[in-house]
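You will see subunit A twice below: alongside subunit B first, and alongside subunit C after that.
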Partner chain A sequence: MADRGRTIEAPSTRAARAESGTWRLPEPVTGVLLLLPALLLLLLLTLYPVLYGAWISLFNKHSFFPEQSFVGVANYAAILSDVEFWASVRRGAVYSLTTIALQIVLGVGAAVLLNERFPGTNILRAIVIFPYVVPTVVAVIVWKWLLDSQFGLVNYVLQSTGVADHPISWMGRDWIMTSLILVSVWQFFPFVMIGVLARLQTIPLELYEAATVDGASALQRFWHVTLPQLKSVLFVIVLLRSIWMFTKFDTPWLMIQGGGAETYIRTLPVYTYLRTFAYYEAGLGSAMAVAMFMMLAAATAVYFRLWRRDESL
Partner chain B sequence: MSRSPGFFSPAGQLVAICALALLFFSAFPFVWMGSTAFKDSREIFATPPSLWPNSFTLAHVQRLFSETKFLTYFRNSLTVSLSAVAVTLLLSTPAAYSLTRLRFRGREQIAATVLFAYMFAPIMIIIPFYVVMRYLGLSNTHVGLVIAYTAFCLPFSLWMLRSFLQSIPIEIEEAALTDGATRFQAVIYVVLPLAIPGVVATGILTFILAWNDYIFARILLSRDELKTLPVGIADLYNASVVDWGMIMAAGLLVIAPVLGVFVFIQRYMVAGWGAGGVKG
Partner chain C sequence: MRTLSGIVALAVGAIFGTQVAAAEKIVRVWHTETEPQTIKAFNDIARRFEAKHPGVKIEAEGLAWGDLEGKIMASLAAGSPPELSHGQPITCTALQSKGLLLPLDDVVKSIGDANIWEQVRRVCNVGGKQYGLVHAAGTSLLIYRRDLAEKHGLKPPKTWADLVQAAKALTLDSNGDGRTDIYGISLPGDNLFINILLGELIKANGGQLFDNNNRPMLTDRKMIETLEFWRELARYAPPGWEGHGYLQTFQNLYGQKAAMMLAGYGRGAGMIEKFAPKDMANDKTFDVWVKPHGPSGSEPAAQVDEEPWMLFKEAKNTNEAVEFLKFFYQDDNYLEYIRTVPIHFFPITKSLRQSPAYRQTEMIQRWKGWLDAQEQYLEKDQGKPTLVVDWADMTDKPYLMEVLGSGILRDMVIDATVEKMEPQKAAEKAQKRLEDLMRSKGYLKR
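Let's turn to the complex of A and B:
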């Protein structure tokens, strides 16, 4: 690393002469200049919005009109006593924890399977990754069609095989969370699969050979050889997926469209969006976004601590 | 694991069954989408449903083109996504070179901070983001959307390009300098050609992210003729009567470009995972 970062010295006088024409700036200046446009954009459109969001969370602010009045922490007091806010946090927690658990199980399973050698692995791997790169709106509409209560294929299959004796209302209040979880797992487990597969391919074969010689069964090999090797990549995957599932907006939002059971999957991001762009309460919406950030930060801190304690064992 | 279980062994059969189940789970929704898109409207609602369309028709695609603004949305999506790729690469390639090869104080800290920006989900910054865009007069413009996607894609593209540049031996650059090239020439003629696969891969992932985005387009654009595909299609679905044939045809056409570029990148995705080349 240190070697990679070292300065290139112009090795000949000719090069030095040629260089003096176009490369006159000192290296740190050039370095900063090349970096500056990207950095400015990030500062303006990521860092500034984060800070500005925290600032407007202290105001009673309309989303479109310029009027605003300072209210201090009133917005925070309001969300803390808002029953719907806590309900949305609970739904968001159920949604993210369930989908993450299922994504991990399915993703690790698929990765272990695709790490085996059989004909067609490359094509199968591409097909499995594909749902992850299609637009969320496509994932949602195709599943809404499959799960349509009247004409959907899933209900047809369930009824004609006798599993269900009446059509299930997948977008109704009892099932919409299940449907949302199904769509999300289908869409996002490839992320886990990709990460785990990348790691699996670097596990030395000798470890498995040694375990086999010692008489370990396939299950034992998975438990005692594979899983410990996957620990660090799973740490990162669980972290990233938790952040992304807890803040996932488009999948639940698009599932809600055109259905009557929307309140049953109104997770925190959806509720934040509604507060801001349907009720026009930008101040309150920002306070909820800040609250979302704090909850994530707290969860991340606990997660890191648990991990470190686990490591020291 | 390179053990290759024979197909007829119990282990081989288990592998085959799991592989088929996985294939079915991942692929079937797309198959059903294609099947619905080309059936006539009566067959779509027929019982029992048919997997292979008995009545092949392009009526849904035609209706999509004639009765909706699909082609406008498609053009908008293409313009915005390609512009976002161009701007992102223009900004991030020099920046990634700077973060890899040029020495200055705070370089590693900046790189780490950029990675931190990767953690902010759009919903957490969308409200102030919208206010900033309105203030700059960029709401309801494609320029605003391109800038939004660039900002959103910069962190991962910087990291990805950086890891690519780190894999190019510095000796090659030094050799070019020895042969009398200027540093600028060495970068343009020696480093960049070697970095092309990384630049292309980064560009394709940027394209996919921009092409798929819903939330930025939903919030920044309200004029119908400016909308991009994800928003346009979501609105099609919200029409009072859902025209499943047309919606599925729209879905197929939306994923076609993604499928086109995905073929080139999917191999890379597993290898490039560690470089932060995936998000969402």
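Let's turn to the complex of A and C:
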């Protein structure tokens, strides 16, 4: 009873105090105190804006002026019945799924190729990473020049080689999504390549030797040895790239600056931006951002679940 | 000891320097003129002003059109707007309606009330006070290939039907390889210019965008006629026109891919001189026609590109900003500015327009017809700012900025032209979206 209300010290703390004769905080408390500044900063910079965004999604709020009124879930009801919202989700899904698939195919292919040793491998590896390190604004401007319907190099090559008999309007209705996908895949496949290449270099050679002894062809070795070994790294890559591509704003936005059939690549992030900064509807824009988050969270949960089921097999 | 003295001297110097910097009054100016020669002229004027006004510094920044409105709004939300900024006329009235601007009447007085074009005085003029003063005006123009039109015996189109016929006649296979290589008309596909053109066309067809109760009038017969006309005209535009921005519409013209340009501007004369083949870079090849009117309209209409200077109430050095504007509009300074894009920058002062120095500008003499056409639109009051159909819209419809930004009108035009949706259907779809927007903003009762 005499100990009630007193701090029970860990033996190590007691020993330390007895040894030095000075008072010290218990280790767990010290740990928490040391973590606290970083934790507070993290909460302030990450959690607060997210929660504030979710909060203002319940208001009819002007984006810049202090005009707002509480509307409850009306913004969510509005976006659910907004045809343009669903069209933008559809466009975003087409864009992200296509680019992810192509990035994976191209990234894995490039990684397998660059995993081989041949003269100039290192230089080639550096060159292939180049698109990923180019700032998006530069990449898009350069591609828009290349794809210019009248003076662009791409049309010139296509026409002079007889592939196309007339200039293609790369920024028009029929081709702008293709152009966007092309630019995005070019820009982001090196990310996949780097991740996969790193994993390829750690696959034990014995596995390939055993497969070769068993008479496996190159394709069979890739299918039965390489791909299973890449599974875990591809899991992370697909997850990250899916999130990044579905929320990608800068590339589609820059594609429509100064020309570009905006309607046909108005993905959800672009539409959210327009709602917030062109319609000046911060509340509705926030509701869209929250909806985007929910969709991604749901897709991620499904992805994890499928993966776990697959693992158990 | 010597080290200590050095440190003290440095500290004193730093403190003194900070005080000097603090004493300097900075006038921040945002403008939308990004051509190098205009930026240079503007900066030169600013330096001369600084020389005459010690302690005042002009910090000018040229911004792209698309970036400006958002940047202004963000600066206002942060409580640190620039002293002066360009903006769309409808932005000016929207900000004025929220009490964020100061009048520029002192500047008007210094220029001389009667010396300013009447059309310009109407921009962002609320209750007799001038809240926005146009830096220079330039009307939209119907530019055409005179050589081709003469070859095909075309006369100036009076009506939209005439224009469609002209576009059809000028859609050509010029090299005889069986494929069209010159299209009848260059049309803009980006949001701003579709809005500009729609505002202009609905006026030329005697219609309106909104009624007096702020209800959109997109399903009105006059709008349907406008969409039908647009759809017809688009048949003779280069494929993929919906992806063409402002510069590409000019590129089509001087690159000989299109024979006419409906949303052309005086700035195009400079591009033609720079990029068209030398023997074609003149007004004998590229001339202007007066714009035609619609079936329900009776007179032409043009859009006037006339961003007003706005003076922000919350800015720090508003008096210095007013002094700078007075200096800017002085004939010699203003002429220097106007001469940087002389066919697009129509001066707001009558005195400059009539001055020999201005008239003798070489480029003005070369493209005189283009300027005369603009003067006609201004004098006959046929030119209005973007989406303004009637001058009362400037004050009665402070939501036009949001309408422009939303892209709803652009989607309607794209639906009716590129998507081949029936104009009535496209209009109904846009009407619903626009009504929703107006309700959410509180301009339309639920």
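As a convention for this text, the second predicted complex is superposed on the first by the 273 of 313 C-alpha atoms of A that agree within 3 Å, B and C clash if a C-alpha of one lies under 4 Å from a C-alpha of the other, contacts with A are read in each partner's own complex, and residues count from 1 in each chain.
We take it that contacts are C-beta pairs under 8 Å (C-beta built on N, C-alpha and C of every residue); 3 or more make two chains touch, one makes a residue touch a chain.
None of these values were measured; they are calculated from a predicted model.
Of the two partner chains placed by superposition, only subunit C is touched by A:171; subunit B is not. Contact with neither subunit B nor subunit C is seen for A:308 once the two complexes are overlaid on the shared chain.
Once the two complexes are laid over each other on the shared chain, residue contacts for A:257 go to subunit B and to subunit C alike.
Residue contacts after overlaying the shared chain place A:149 against subunit C, while subunit B stays out of touching range. By the touch criterion defined above, A:277 lies against subunit B and subunit C together after alignment on the C-alpha atoms of chain A.
Look at A:126: by the touch rule set out above, it reaches subunit B but stays clear of subunit C.
For subunit A, the partner with contacts to more residues, out of subunit B and subunit C, is B. By the touch criterion stated above, A:134 is placed in contact with subunit B alone, subunit C being left untouched. On subunit A, the surface patch touched by subunit B in one complex and by subunit C in the other comprises residues 63, 151, 257-258, 277.
Subunit A makes touch with subunit C in their complex at residues 60, 63-65, 78, 84, 149-151, 165-166, 168-176, 256-263, 274, 277-281, 284. Every residue of subunit C that touches subunit A in the complex is listed here, in rising order: 66, 70, 73-74, 76-77, 98, 179, 189-191, 238-248, 251-252, 255, 257, 402, 405-407, 410-411, 414, 418, 433, 436-437, 440. Taken in their complex, subunit B has these residues touching subunit A: 1-5, 7, 11-12, 15-16, 18-19, 22-23, 25-27, 29-30, 32-33, 36, 44-45, 47-49, 91-92, 94-95, 97-105, 107, 110, 114, 117, 119-132, 147-148, 150-151, 154-155, 158, 166, 170, 173-174, 177-184, 208, 211-212, 214-215, 219, 229-230, 233-234, 237-238, 242, 244, 247-248, 251, 254-255, 258-259, 262-263, 266-267, 269-271, 273-274, 278-280.
By the touch rule above, subunit A contacts subunit B in their complex via residues 3-8, 10-12, 14-15, 18-19, 21-23, 27-28, 30-32, 34-35, 37-39, 41-42, 44-50, 52-53, 56, 63, 109-110, 113, 115-118, 120, 122, 124-139, 141-146, 148, 151, 153, 156, 160, 186, 188, 190-191, 194-195, 197-198, 200-201, 205, 208, 218, 243-244, 247-250, 253-254, 257-258, 269, 272-273, 276-277, 282, 285-286, 289, 292-293.
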